[in-house]
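Labels run A, B, C and D following the written order; every chain starts at residue 1.
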């Protein structure tokens, strides 16, 4: 079973040289730590920045330079700044090669819910609805099961949706799964030490799994 | 009867302090020469410039600095440069207070034709259709009658239209006329030495004129 | 050039009245019009509808207007990090309209560019789509969203000149340029106000035609919401 | 950063083939991609549809591609000042679609901003409106116009870096930034190509994500179409 860093490490392997990538808050942010040397990627932050760098050294924080999580950050050589309309313009026109974001629920037809829990304070969708509706390539980083052991990979989402029929790949603490165009999760890889049977038990949506599914290579 | 410079001089009196103005090619360009001292205006050129200045001194022409007539020009302190989408964005959102352009024909309901003569080589509408469709305040500078003595202020335009129901004021070599919201030209001023009767004869569209119409003051 | 300079924030916001709709630039606490917010608190104008990506924190940004109960409605994409906001929302004192961040930005741009509506796929199939026209182009569904119609836009820039030209710094640009284009009246506060000619025309982000009033603020606090650093080694 | 540098114009346009649609930046002869036009003439690619505000003059700009009969169709707002153009048009050898200048610019922006259509009042009630959807918003009629769909966009900038970031100079900016956003593949030629980090991120007009190939041209002619001057005294 993977921890958060394990999920991030596995997702990092999906990033190809030359990609422009948007990383959501939470586990997706950790992905930046595992991008292999020699793979050139440019990180977009939807508040208006391409070429996001690491956090600043203490004492060098600039209140005018933050990311979409409102964290102080730095830029790399070759970065560019733009306004919010252009930022979402490039998202809508699919100039961003890969979007990685978290989810509370994903359904077997690629719906995603990650912004609202009825009865709880709703903070808003931020840029998530724009990202899932527009991105050509989205990877969801999420927990496969909640603390009660219930699956979050469902036949149909129970929570209010963020986007419909838009997710094609999910990485959880248990597995890597594709979502098939015709519907259903397809098990691609299992986490180290996790059995196919356990993944089957933990997936309430339709699951397609070969008897022999390879274990993830995290290196 | 006014010459071209006279028409430009009369139109210049319509420009108020604080106006952003777009001047078309031809007579409208001459208007810039007659803006009174103390009246601050900013000239927009729709190829992407606010704050157009005079022509450069000989030897100081910059091929990267032209106006919408493709003439070499200069900028004034406080000018700004922008792309073509923003330029027409500010035109559509009516940030330009006054547009002055030429016409071949104007009709009594405010239609204008100024871009195409059937049978002749058509060069295109450039930005004219955008300007007439969007501007809140348009003055047309034009000849009242053609060389054959025929009126160009018509019940209905005979040439392909540039815009419909958009012109409210016309300045010709003979007169200043408003176009009434309910239709028809209203004679406001006559050019020095021109009689109301001659203007009536020269206007084929519906004309409303008092018996006593004041002569233009060009100073 | 046309001189847009006003003395200070009080003069800039003088004619904002109860019940109006105002846009406020900024993302989180980054690039927010601190001085105009303080002046609005001082003036005590009420029943405002505020269009702003976020709602500030309890004691800074739009949070200051919430604390004094001057806001009737927030139109935002994300409104966390504010306990008083949450209290007012749950008690029904405050109305909130949540819209996707890209839709928020593009509805501002639409107003500035004279486009009555725009189409975006954001929110299709979700509760955001309720009551909206859905239209298919090239096999994909889009929502029709209207241009904003705001009485005032209030933005914060780094530098400006008295002709109203604005230059932004780093990610404090965010919503400021698109909101500057979108207000019936646009007010800009800047850290440094210069004379026309001092800003390079090629580097101006917001042309002066969009700005109606401009003033220089002082002692900007520019509070940091999430101070994240890495160790030196 | 991702390195977008190619050796020269020939390499940049290597895969443009007969019958494709290309956008070319520039207004008149100002800010046109001289080097790529020369390379297209040399390559001899034919049956092109060219989206460009103007069509050059007889012996410069797109006029060079017209002279060699490489253009099937021009999509422009104004096409005067070109005798060969006129000859081909009147003889039926060349197809021309004239569209309002603002519509041309905004259809480029729509492509770059992922908006399938935009609404503009330009052309309502004229022959430009024929066959197009007219829709009334707030009492005013607008035409629905589609985003462009171009195989290549070719633009000219003043400076660029190898990450594809572009900076334009004066009014040679014009259509270049909106076309740069609109091509499936965007090629930029620049007068000066620098390393990442040499351009100020706040002053970049076109972010590198929009640019796929970039090279530095040399010996720009930058011809002036209407040389107008005033006397010194």
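The rule is short, and it goes like this: contacts are C-beta pairs under 8 Å (C-beta built on N, C-alpha and C of every residue); 3 or more make two chains touch, one makes a residue touch a chain.
What you are looking at is a predicted structure, and each value in this text was computed from that prediction instead of being measured.
Averaging Cα atoms per chain gives one point for each, and the point farthest from that of chain A is the centre of B.
The distance from the centre of chain A to the centre of chain B, with each centre set as the mean of the Cα atoms, comes to 56 Å. Separating the CA-averaged centres of chain A and chain C is a span of 29 Å. Centroids of chain A and chain D (each the mean of its C-alpha atoms) stand 37 Å apart. Each chain gets a centre from the mean of its Cα atoms; for chain C and chain D, those two points are 33 Å apart. Residues of chain D in contact with two or more other chains: 106, 113-115, 120, 168-170, 173, 201-202. Within chain A, residues 49, 81-82, 85, 88-89, 91-92, 134 each touch two or more of the remaining chains. The set of touching chain pairs reads A-C, A-D, B-C, B-D, C-D, using the touch definition from the header.
Put simply, chain A touches chain C in their complex at residues 45-49, 54-73, 81-85, 87-89, 91-92, 111, 121-130, 133-134, 160-165. The residues of chain A lying in touch with chain D in their complex are 18, 20, 40-42, 44, 49-51, 75-82, 85-86, 88-96, 134.
Within the complex formed with chain A, the chain C residues making contact are 27-31, 53, 76-80, 86, 89-90, 98, 100-106, 108-109, 120-128, 158, 168-178, 205, 222-232. By the touch rule above, chain D contacts chain A in their complex via residues 1-3, 111-115, 161-163, 165, 181, 195-197, 201-202, 204, 207-210. Residues 106, 113-120, 137-138, 140, 142, 167-170, 173, 201-203 of chain C touch chain D in their complex.
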